[in-house]
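You will see two complexes here that share subunit A, one where it goes with subunit B and one where it goes with subunit C.
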Partner chain A sequence: MTAMLTRPGDAVRADRDSFRRLLHAEWTKFRTVRGWVIGTIAGGLLIIAVNLIPGGQCGGMQANGQPSLGGPGCALTLGPAGQAVTDSFYFVHQPMGPAGSITVRVTSLTGSYPPGNSPGQPAASALQPWSKAGIIIKASTRPGSAYAAMMVTGSHGVRMQWDYTQDTPGLGGAVSQTTPRWLRLTRAGDTVTGYDSADGARWARIGVATLPRLPATVQAGLFAASPGSSSVTSQSATGSSGSGASAQATAAFDRVDLRRMPPGSRWRGTSIGAVPNPGNQSPGGGYRQSGGTLTVTGSGDIAPSLPGGDGGTAGSVAGTEVGTFAGLIAVLVVATMFITAEFRRGLIRVTLTASPRRSRVLAAKAIVLGAVTFLVGLPAAYIALLTGERKEQAGGISMYPVPVLTELRLIVGTAALLAVAAVLALGIGAAIRRGAAAVTAVIAVIVLPYFFAGPLAVLPAGAAEWLLRLTPAAGFSIQQAYPRYFQLGFSYTPGNGYFPLAPWAGFAVLCLWAALALGLAGYLLRRRDA
Partner chain B sequence: MLDATIEVNGLRKRFGPTVALDGMTFTVHPGQVTGFVGPNGAGKSTTMRVILGLDAADEGAALVSGRPYQTLHRPLTHVGSLLDAAALQPSRSARNHLLWLAHSQGLGARRVDAVIEQAGLQSAARRKAGGYSLGMRQRLGIAAALLGDPPVLMMDEPFNGMDPEGIIWMRGFLRSLATQGRTVLVSSHLMSELQDMADHLVIVGRGKVIADTSTRELLAAASGDRVMVRTSSAPEATAVLARAGAIVAADSDGALTVSGLAAEKVVSLLGAKAVPFSEVSAHHATLEQAYLELTRDAAQYRAADAAASPPGPSGPAGHGGTPASGPSAASGQEAAR
Partner chain C sequence: MSQAPPAQRACPAEMSRASRASMRDALHAEWTKARTLPGNGWLHLAAIALTVAVSAAVAAAVRCPSGHCAEDPAKISLTGIYLGQAVIAIVAVLGVSTEHSTGMIRVTLAAMPRRATVLAAKAAVLTCPVLASGAVAVLGSVLAGRLILPGHGIGPGHGYPDLSLTSGPVLRAASGSVLYLTLIALLSLGIAAAVRDGAAAIGIVLGLLYLFPILGQVAGTGTWHRHLDQLAPMTAGLAIQATTGLHSLPISPWAGLGVLAGWTAAALLAGVILLGLRDA
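Right, the complex of A and B next:
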């Protein structure tokens, strides 16, 4: 009965065998308490159940605070890469062949509120930081088509932007009569190169855009657009609310120089992205030509579009997983009980007589708990995504598309979040030993920071972000579905689904906490009398 | 293969200001039931927890079959233990409780069903253990202890909460385990529970061993060579027996207790002198009486010895002049053997 272990290989094998037996025992322990099995499955169902509550209908404010044409996500404009974009502006254009260039001088950019749509603020404030005007080469006048543009902006200087997500800075400073900006785009096949200059003599190349499968004939010309004014005025239980008003930008161009346009072309003005919508003129706009000067006025934006600007999660893929916190509570209670129940009844002594190596007992519990939670969380997160999308679509809301890898991260990440949080709960439970106190502590460190900083949004943004950096709630970062765009003025707050840490970095913070808790629990378990 | 023993050597442990173990030393041998007796708080449970590696002793060591418990592979196949019958997840069935224990030792469901039968729990095995009476929990604890078919068994107060029928079953069961050659250590705070079951006794008080003796020796010492006589002519009988060299004392109920003469001698003397008697019998002390006598002496010893305490864990060794002196003196040597 006492095997003499002489060779190190035998010892290693015996160790592995004993750990495998321990895992088997802990799994048997877990599955034979019906409450724990039900609790875990209930956790999975809770993640899904939130999506069974009927959702909103399409309508309301757009991400940029502009009363939208039909509302958020009702009908999304998709860009060349398949992502949701805003593509509405005033376009003064002519056709351009496979090769050509356009050069202009911009001498002013001003903002104004359209008639009947003034928020009661001085007109001077109407110029938005990302009001933009300049030259653009665009595949077609269809919203969402590929483009490359050189532009002056309200407060971000000269930029070259293309295909909605790409943004490169050029000359800084504001444009004026005394500091005009020269802009140039040249096209050679699929490649569009942008230049800027302060004097029309010395040119600097800003960027080279490759626009795959650009048609032979594209539209080239001048544009103006301005996102609406928006300011976050308050954060409440339903998220942040802002006031917004549509604005328009007007730019004056001269020294317009078009090369190699098809013969007989002349300017045409088109309001891109204008959807007939009674009572809503925007994005209106137009142009005037006098002498060598073209004045273009337009509103709207050429930029990525993000869900949830009004504090809701309509159309957000991440929003389908909003039930995670509810499921997490159930999982955390089970995870804590998995160890505290043993302390309560003295069962831990039976466990430790069967497996005297205490750290291994904790490790086996962590593995069983993590695996069970992950395997329940995985289908739950997947089904939540499907049901959430179906709910939104039932309300006429389109989902803001994300890459497949992001969807995968969302599903796997949600399951992993549950699993690692469960291990953290186990560690805290083993250290505190008393069920009620441990459950309270676990929920206080994981769920509450997330809930107060995120969906409830009752904390100031700064405090909320620090909580989501430092507490285990940082793990929720794994559910951020959409990137930040510098060129899009947006309330990138936890309430809108934005976390201060990158997805995997935030998850790593949670993992670190779990490792710390487990380490402390192991230390205490070894030191204390059972 | 090492001998299946439990060796406890010089265990000391304090819980804050309380001394729980004060040099606890004894050895438990196979093939017999060893009773581990002492009042509540004497350190029995703490000793058992230290043996199982659950509590750490401040000093001293405990070995099972020559090895520290923590180094045993599949420990339940070496030692079966029942410390606390209430140590259960109430919502788990008895069978599943045994099943996870079995899995932890690489054993299967067949073994679980076998011990359920041994413990007589077949009909209740699939019920939630939370609904069990204390007596049933004790049976479940026995089943758990037997799971690994261990050569060493250790039970802490297994009779608690059992009905008389259960106690009889438990006695027989533990005896049969010892008969199979196993080492069986059973603690109790009631000596009477161990009557007719324990072959050997380790009697403890205040964290150390007071006596380490076989039950037979203890009883013999407590009984002495006394004979009880019932007679209607007590003065005559006393005179006759005293003349023959016996010491005669009158009991409160009119019987005489005679020391220094065998029963047959008493009968022939009384018969020769025609002193009528209705009964002559050898006096049998109960374990309870022996134990009380012993612990009373130990208490006297402790009181008398408060100033000049002899070192070592051997308890009241060398304290002579009482019926218990013989067996009690053995404890130190017993452990060292």
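Right, the complex of A and C next:
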């Protein structure tokens, strides 16, 4: 021993060697307890098995027994970048060449409910925050084709939007007879520039959209669209029940000025992306021309499309990983027992005699546990993604596409979530030492906040969000698959797969808790008699 | 298993007296164990405190400025049950699992060879304190809701029913919640007797309770979702708390508690069978 201490290199090597032996000892303990191996593998299988629960069917039945018309994600419209989009509006258009411009003045934007489809609310509520009308330059009348548009909106002022996901604000305030809004789009090849003005004299440039591979002849003109009104009436453990009604927007345009249109072209009205809807006689919209004024009425939306929204996870890639909750509980039980069983059997005294540096024992346990759960979680998350997608497709539901990197984060993130949660459980188990109490504590801090904020939904949104920011349940943020869009009125709730923190930020919160628990456990392990 | 001498076997009256005596002894023994188990009293106190605290916190967080929300005052003020049941489950699980982990179970079964009797005694000894602490927790929660909710737009002044135990539905929600906690305790006892290990038992109990509503999201809004809600021990059992919108519940209140009772009976049966079959 003295000989070794005189040579620092040897001491470090011996140190490293002893830690390797410690890791080996902990791995041997883990692998030889049959219940733990079974429990860990069962955790992985549970992640996959949850996808055996039959999901929704395209055009299936709603909870109230009525057939759902259209259904979520039955057939997706894909935008230029391959993402799912909504593209349905009333379009009054003329062809436009490679260069040109369109200028209009908007003097009003009002909302209404289609006749026979009123939800029993006052008509004044029909104008939605994102009801929109204005001018648009669009590659073709095919739903999902590239576009750039300048518009007035229900309560978000003037906006320039293009290719479904891009959104730039212009003048604020509502449009009216006394405060009209002038809008202009100019096209030069693949580039479309948007301007707005309050008086038609002083113009401000709002944004420049580059629309790759825009055809030489595009369609330019006026449009109107309005998403349906939606009001969630109640949320409970049984899911949320909402009431929605389709709404339409009507806008009045004058001073229409078209430059360099092919000669002899006239206005044509087209209802873009109209869903044949046998349930109601909703007109697809229309337009009227009197004097210099064009009045356009339309419903629908030009925006990104997101899965869920009706309380289900149909078509969501993240929804395929919901089994993580089931697998997590199994993993947490094993992780807690990995340390509490030692206390119960008195094995901890042997362990600590063999390796008197107690923090290192804990570190070795954390590494073994983290590695094992990560390696079990990785294939489980991958297979869950595949089986979940297959289940949805069997029901005729298309998956909302996500980039490959997002899928990768979903899989690796789910495995990492299991691993870090297991380390947190180890820390809490070492601190509490009693198996049943420790497991309850771990489940209470990881699963319950999600339960309270998500499916139970008794808390108001603000309180629920703080619960998912501060508790270890923030770690589930890493399973978010779809971005939020400001320009899309959507309930960005945990039930729909949205968390208050960004994916990696939420995961960092969980890591912080695991580090804290491990630190506390190390401190207590050193201070207390085993 | 019975070691009764032949003389006793000849006389049924004496035998039944003897078995009654053994049940009384079993009850006394279990009560002594439950009473002296360190931490049991604390766990009951924690269950009460957590239930009331969560109920009060949720009642304080709920806002209904318009006065026209689809909120159920009784259900809101009893939200704490969602957390309190986890602590009650620990009490129940520890009552069985500590005996297995310390080896005490061998002494217990040597003294009282009728294993079903032992489990029945454990169940009885668990039920009384859980009923008591459940009643305190529920009364505290209802009181908190009664004090807090009217200030947030959910009270008699806004057209909501008075949160008083004299009204039928509220009384049903409150007493049903106490029964719910008791059934959860017995369910946990049965699972603990079947699984024997405390950590695994509590994991199964909490998974059984909390996972169904989370996983129900996969099923979307279809009929499967509704079936899950009707079958899940927690969602079905807690239908007993609803006082408004009864027609839209997936299962009626008492039928829901009946579903939970079915789960409990199945767990206790599994516990009795496995306890009888296995070496201790």
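Throughout what follows, the second predicted complex is superposed on the first by the 506 of 530 C-alpha atoms of A that agree within 3 Å, B and C clash if a C-alpha of one lies under 4 Å from a C-alpha of the other, contacts with A are read in each partner's own complex, and residues count from 1 in each chain.
Here, a residue touches a chain if its C-beta (ideal position, glycine included) is under 8 Å from a C-beta of that chain, and two chains touch if they have at least 3 such contacts.
Here the structure is a predicted model, which means the values were calculated and not measured.
Colleague: With both complexes superposed on chain A, which partner does A:Gly346 reach: first (subunit B), second (subunit C), both or neither?
Modeller: In the superposition, A:Gly346 touches subunit B alone.
Colleague: Please indicate which partner A:Arg34 is in contact with in the superposed arrangement: first for subunit B, second for subunit C, both, or neither.
Modeller: Only subunit B; A:Arg34 stays clear of subunit C.
Colleague: Examine A:Ser290 and indicate which partner it touches, taking first as subunit B and second as subunit C; both and neither are also allowed.
Modeller: neither
Colleague: In the superposed arrangement, which partner chain does A:Asn51 touch: subunit B (first), subunit C (second), both, or neither?
Modeller: A:Asn51 contacts subunit C only, not subunit B.
Colleague: With the two complexes superposed on chain A, say which partner A:Ala25 touches: subunit B (first), subunit C (second), both, or neither.
Modeller: In the superposition, A:Ala25 touches subunit B alone.
Colleague: Quick one: name whichever of subunit B and subunit C touches more residues of subunit A.
Modeller: C
Colleague: One more residue to check, A:Gln177. First (subunit B), second (subunit C), both or neither?
Modeller: neither
Colleague: Per the contact definition in the header, classify A:Ser355: touching subunit B only (first), subunit C only (second), both, or neither.
Modeller: first
Colleague: Contacts for A:Phe451 in the overlay, against subunit B (first) and subunit C (second): which applies, first, second, both or neither?
Modeller: Only subunit C is touched by A:Phe451; subunit B is not.
Colleague: Based on the A-chain superposition described above, do subunit B and subunit C contact any of the same residues on subunit A, and if so which?
Modeller: 35
Colleague: Mind listing the subunit B positions that touch subunit A in their complex?
Modeller: Result: residues 1-2, 49, 52-56, 65, 67, 69-70, 72-79, 81, 83-84, 86-93, 96-97, 99-101, 103-106, 144, 151 of subunit B touch subunit A.
Colleague: Mind listing the subunit C positions that touch subunit A in their complex?
Modeller: Residues in contact with subunit A: 58, 61-63, 70, 75-76, 79, 82-83, 86-87, 89-90, 93-94, 97, 101, 197-203, 206-207, 210-211, 213-226, 228-229, 234-235, 238, 245, 248-250.
Colleague: Given the complex with subunit B, which residues does subunit A contribute to the contact?
Modeller: Going through subunit A, the ones touching subunit B are 1-3, 14, 17-18, 21-22, 24-29, 32-35, 341-342, 345-347, 349-357, 529-530.
Colleague: Tell me, which parts of subunit A touch subunit C in their complex?
Modeller: 35, 39, 50-51, 53-57, 60-63, 68, 233-234, 237-239, 241, 310-314, 319, 322-323, 325-326, 329-330, 332-333, 336-337, 340, 344, 434-440, 443-444, 447-448, 450-452, 454-456, 458-460, 463, 495
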